[in-house]
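Which chain is which? They are A, B, C, D, E and F, in the order written, and residues in each are numbered from 1.
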Amino acid sequence: MDRVKTGIKGLDEMLCEGLLPQTANLVEGAPGTGKTTIGMQFIYTGITQFDEPGLIITFEEFPQQYYHDAAVFGWDFEKLEKENKLKVIMTSPEVSRLDVESVGGMIETYAAQMGARRVLVDSITHFERLTQDPVELRLLEYGFINALKREGLTSLLTRESSTLLGEAPEGDGQIAFMVDTYILLRYVEIESTIRKALLVLKMRGSDHAKDIRQFEITDHGIEVQSRFEGREGIMSGSPRRMADSFVEAFVKR
Amino acid sequence: MDRVKTGIKGLDEMLCEGLLPQTANLVEGAPGTGKTTIGMQFIYTGITQFDEPGLIITFEEFPQQYYHDAAVFGWDFEKLEKENKLKVIMTSPEVSRLDVESVGGMIETYAAQMGARRVLVDSITHFERLTQDPVELRLLEYGFINALKREGLTSLLTRESSTLLGEAPEGDGQIAFMVDTYILLRYVEIESTIRKALLVLKMRGSDHAKDIRQFEITDHGIEVQSRFEGREGIMSGSPRRMADSFVEAFVKR
Amino acid sequence: MDRVKTGIKGLDEMLCEGLLPQTANLVEGAPGTGKTTIGMQFIYTGITQFDEPGLIITFEEFPQQYYHDAAVFGWDFEKLEKENKLKVIMTSPEVSRLDVESVGGMIETYAAQMGARRVLVDSITHFERLTQDPVELRLLEYGFINALKREGLTSLLTRESSTLLGEAPEGDGQIAFMVDTYILLRYVEIESTIRKALLVLKMRGSDHAKDIRQFEITDHGIEVQSRFEGREGIMSGSPRRMADSFVEAFVKR
Amino acid sequence: MDRVKTGIKGLDEMLCEGLLPQTANLVEGAPGTGKTTIGMQFIYTGITQFDEPGLIITFEEFPQQYYHDAAVFGWDFEKLEKENKLKVIMTSPEVSRLDVESVGGMIETYAAQMGARRVLVDSITHFERLTQDPVELRLLEYGFINALKREGLTSLLTRESSTLLGEAPEGDGQIAFMVDTYILLRYVEIESTIRKALLVLKMRGSDHAKDIRQFEITDHGIEVQSRFEGREGIMSGSPRRMADSFVEAFVKR
Amino acid sequence: MDRVKTGIKGLDEMLCEGLLPQTANLVEGAPGTGKTTIGMQFIYTGITQFDEPGLIITFEEFPQQYYHDAAVFGWDFEKLEKENKLKVIMTSPEVSRLDVESVGGMIETYAAQMGARRVLVDSITHFERLTQDPVELRLLEYGFINALKREGLTSLLTRESSTLLGEAPEGDGQIAFMVDTYILLRYVEIESTIRKALLVLKMRGSDHAKDIRQFEITDHGIEVQSRFEGREGIMSGSPRRMADSFVEAFVKR
Amino acid sequence: MDRVKTGIKGLDEMLCEGLLPQTANLVEGAPGTGKTTIGMQFIYTGITQFDEPGLIITFEEFPQQYYHDAAVFGWDFEKLEKENKLKVIMTSPEVSRLDVESVGGMIETYAAQMGARRVLVDSITHFERLTQDPVELRLLEYGFINALKREGLTSLLTRESSTLLGEAPEGDGQIAFMVDTYILLRYVEIESTIRKALLVLKMRGSDHAKDIRQFEITDHGIEVQSRFEGREGIMSGSPRRMADSFVEAFVKR
């Protein structure tokens, strides 16, 4: 089965060559971890390297914000939109939910007309605020992500995590159980510096890398790098040095 | 008493040859830990190795999702369903609860007609969302798992744990007190890598392994491996190296 | 004063020869720690070794479940029930509460007719779900455990703790303040293995062992063993090795 | 000013010779820590050593329970009650609150008639359940403890702490701000054993010992012993050995 | 600008010679940390050393309690009140709030007539219980503390912290953002002893000491002493020895 | 693109020469960390060094408070206001929200008339108290910060964090996801002293320093200094010494 490459250096390798087609893929992180950048790069790569048009469904930011943010990385989203390869759709969770479940809805229409293959949903967190009832929310979210699959789209969903370091004490949302891939972005404090970590926790139907890797947001987008060495407790955000360095110091004498 | 083998390498050994017949067995874990895979392998093993037909009761995913997910491991669920050895029943907690308590309900009918011996309930978490009243919920859950026993079925129930690392701060659900076997799946961070751990915490009427073992999801299903060595606090998800390595380093000099 | 022996190896010694007559004794633990087994052994010992008939008041499980669970240890509860030495009463907290406060109620009648001296209440947790009002609950629980004392019964009450490792963050229930004896069962992770610990925290009117001991559920029931050596923080469920082993390693050189 | 001696070995010394007259003194602890025993000894000492008659106001236990519990220590409360030196008053928070604020109420009458100087209120926790409104509760509690002072009584109030080890995460009640003395009882796990610790946190109008001391419940009542040596974090209930022992081991070589 | 000296040894130095005039200054601590003593000493110093009359606004304790508590330190508050240099006003948050906002209110009248320059509000915590609405509460508190400033008063506000060791998990109140100075009192466990720590966290318009100092309540009032040496995590209430002592031990050999 | 310099020594360097024009920039911290001082310095620098007039929108403090607080640093805000280069607008979240969305509102009018380029919103926390509904709040906040951008203003928003040390357990607000820059101020306890730390966690469209730096409030405003050396867990507020110092001590011998 052909993989849907994100074009993100290091990430495709972690995903064993890329995402699986027509799957829903969650990227979760605290503010500033780079969720939207990963999503934009996923869309940009699809259009420019694989000729796969893409949609961006936004529940908050205006299209201009995406043009502006993409331009920082040298990605000309306005031009792509004019070439009918990209469509930034600003909508609300309520509307988009009904839309994807209607025949001939806006998203279906755009997808069909453009031949869209990829979609960025930024952010699925806005769905979580639609209802206080977890049963209803789960149905809404499940219906939405499956409708995107039925349109033939591979989706990347961003999700906001309000805890800056480590895991939210109350645990994370239910959507992680429904998606095919679950990618976590985390801040990690090492030597008085805040670094960024990426982990593929889950990938249905495929093997994937299990290690926690550093990544950076560079001038050209995301770059996933090597794993963290010599530290325990990285997922806590405040890792401790492993005792190994100690032991080595003694033993090598 | 004959054991109901899961067919999962290493797990049957931990269970002293397998589950006990007509028992309810809980498998709990965070997203991506492999709950459903364990359940599918339990059903597949029953059909193909022991000629025990099986049911899958799903409250969310469509049968196609199971066909697809099973195919990754080389298990042809569509074919088994056509051979009347497997039935994937998509329903709701409300309906299934009433169904199992009626004479001649759907589950009873399928079980009788197929001679089903095993059932996967994926996931029992959906029951927990039926009511806010813990007394009522407990009655509903107890009634449901006992009805399955009365049908002569050995059940494997999956349960979602929303905490990624370690234990949920508010503790886990009441169902753990009602089931016969309680199996925990956990993520464990070791040397910048996320590994998976399995523990049999409880098994009524049988001895069982008490150690925490690593496991992997391979191309052919679940493989339970050796225990974790030289680490303390594995259940926290962020174990620390044991001081032993220290002491050894000094003493061996 | 004669002691009411539990017959559990090691536990009677911790209790300075046994429980005190006509007292209420609480055994609290997470799922699978062996609360009910301790209770059944307490009842079985009474009947078979001390000729003290016993009652089991159950708020959830059917009598058959007790017959079955007891049989695993070689205890023939069905036979004892036929001999009128044991009575398993399946009821509800509401009914049992009213019953014990009525003259000539069912529990009183059974107790009198059988000459019962011991009772297992499995589990008192079901009382805690009767009302949201802590004042009312406390009155209900207090009334119930005192009514059992008035019947001349020594009671063993099981209580469910939903936290798997360590203490519930919100603290434990009020009933611990009302009972005469408070026994805690805990899981403890040591060297990648889950062991079981038992502690007598409180025993009104008697001295008792203060140490935390390991125990196992064997083919013949519960066996309390030696204390944990060389570990700190056992009650947390994830003890750390004591620094002593370190120091010794250096000093002994 | 003459001190009101508790008669508890070691505690009077910590209190610089005893409590101050006509003060309210709080003793707080988890189940089994010995709150009521301290209170009974305070009353017994007053009657038998200082000829100060005493009252016990109980909101839950029957007088018989106190007779029984006191007898374990060789204290004959029934006899004292017949000699009109002790009165155990079983009442409710509602009644006692109104009573102490009325002229010629029951408590005032008993106190006057017996010449009572000391009172044990077991437990003030029952007041905390009178109302959900913290402002109202504070007024009720403040009014009650001041009314006792106006009767010329030195009061010892027990308070239940539901957290077994360490401090309640939500902090403790408001009453600690209103009393004159605040004594904490705590469980401490050391070398696989649960010990008991006592600390005088606050004593208005007097100096007091600031150290955390071990205590035991012996055949003759409470005995406060020496402080804990070589441990950090005692108040957490799970102290760690201090690094000192380490350093010493190395340095002494 | 002239400083308003507290007269507390060591504290004025930490405040760079004293509080600023017409400011609101918060002192927060657990029961028994000495909040009220600091406030009384602030008032007493003003009257006796600087000829600045003072008010005490109390929402709970009777004037007699202050006379009594002050007398322990040799401060004769009754006499000062007779000399019209001190006024203890027992009121409620509701009344005092309206009072300070009225022309010719009681507080204004007393302040004017006495020429009061300092006020102790004991405790501002009672304000926090006036309303559940944080917006309304903030307005009430802000209005109150500014009205005191308008009267020309330098205020010292005590605030109750119900967490005994370390910080309240839910964070502290909003008032800390509104006051000019924020002084924290904390319990610290060191070598099995509870010591008291004082920290000036914030002081608008002035430099201040940033270190955490020990203090004691002596026969003559508060004495702030040296900082804590060789400990990490003092604000947690359970500091650990710094590794330095370790390193030194090795290195000095 | 020209940068908007804060004029704060060290901070502009961390921001790669300054903030981006027409962006919303969040500064979050506990009481006393210096949020408002940073904001005032940002405004003062704009006026005096770059001839960019500024607005201060305050939801609580009176203009006089800003004049007073600024004067401490030698900044004459009253004079600047008279010169029409600064305008302190005291308003409410409700009014300001409607204002910025109206044509010819007060803020627009001031901004246009003065040629304002910078605005300090002190504090955005007051918005968070406008509604309990997170969806509505998010809309309100988003609308407000975008309206400021449309006026051509670069905004600095302060946000109150009520947790003194470390991160709020419940995570921080949603606004962090909407702003362009997210700067955290934190207290850090080191060697019995409370220091201040600053971290730029997020900066849209620009690189930025990733390290955690110390800063001080001096007589002339904020000074950002070097990073913390040799400590782990700075963001927790209670860092531990890194094991390195240990190892070095041994290895260097």
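Here is the rule we use: contacts are C-beta pairs under 8 Å (C-beta built on N, C-alpha and C of every residue); 3 or more make two chains touch, one makes a residue touch a chain.
Predicted model only: the values in this text are computed from it and were never measured.
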Legend entry - Partner chains that chain B and chain E have in common: none
Inset, instruction - Check the residue numbers that chain A and chain F use where they touch, and answer same if over half are used by both copies, otherwise different. - result: different
Inset, instruction - Quick one: report the Å distance separating chain C from chain E, using the average Cα coordinate of each chain. - result: 50
Inset, instruction - Would you kindly tell me how far, in whole Å, the mean C-alpha position of chain E lies from that of chain D? - result: 29
Inset, instruction - Would you pick out the residues of chain F that each touch at least 2 other chains? - result: 169, 240, 243, 246, 250
Inset, instruction - Report the topology of the inter-chain touch graph, choosing from line, ring, star, complete and other. - result: ring
Inset, instruction - Spell out the part of chain D that touches chain E in their complex, as residue ranges. - result: 134-135, 138, 142, 167, 169-174, 176-178, 182, 184, 199, 201-207, 210-212, 227-229, 231-236, 240, 242-244, 246-247, 250-251
Inset, instruction - Could you please specify the touching residues of chain E with respect to chain D in the complex? - result: 30-32, 60, 68-69, 72, 123, 129, 160-165, 168-169, 187, 189, 191-195, 219, 237-241, 243, 245-246, 249-250, 253
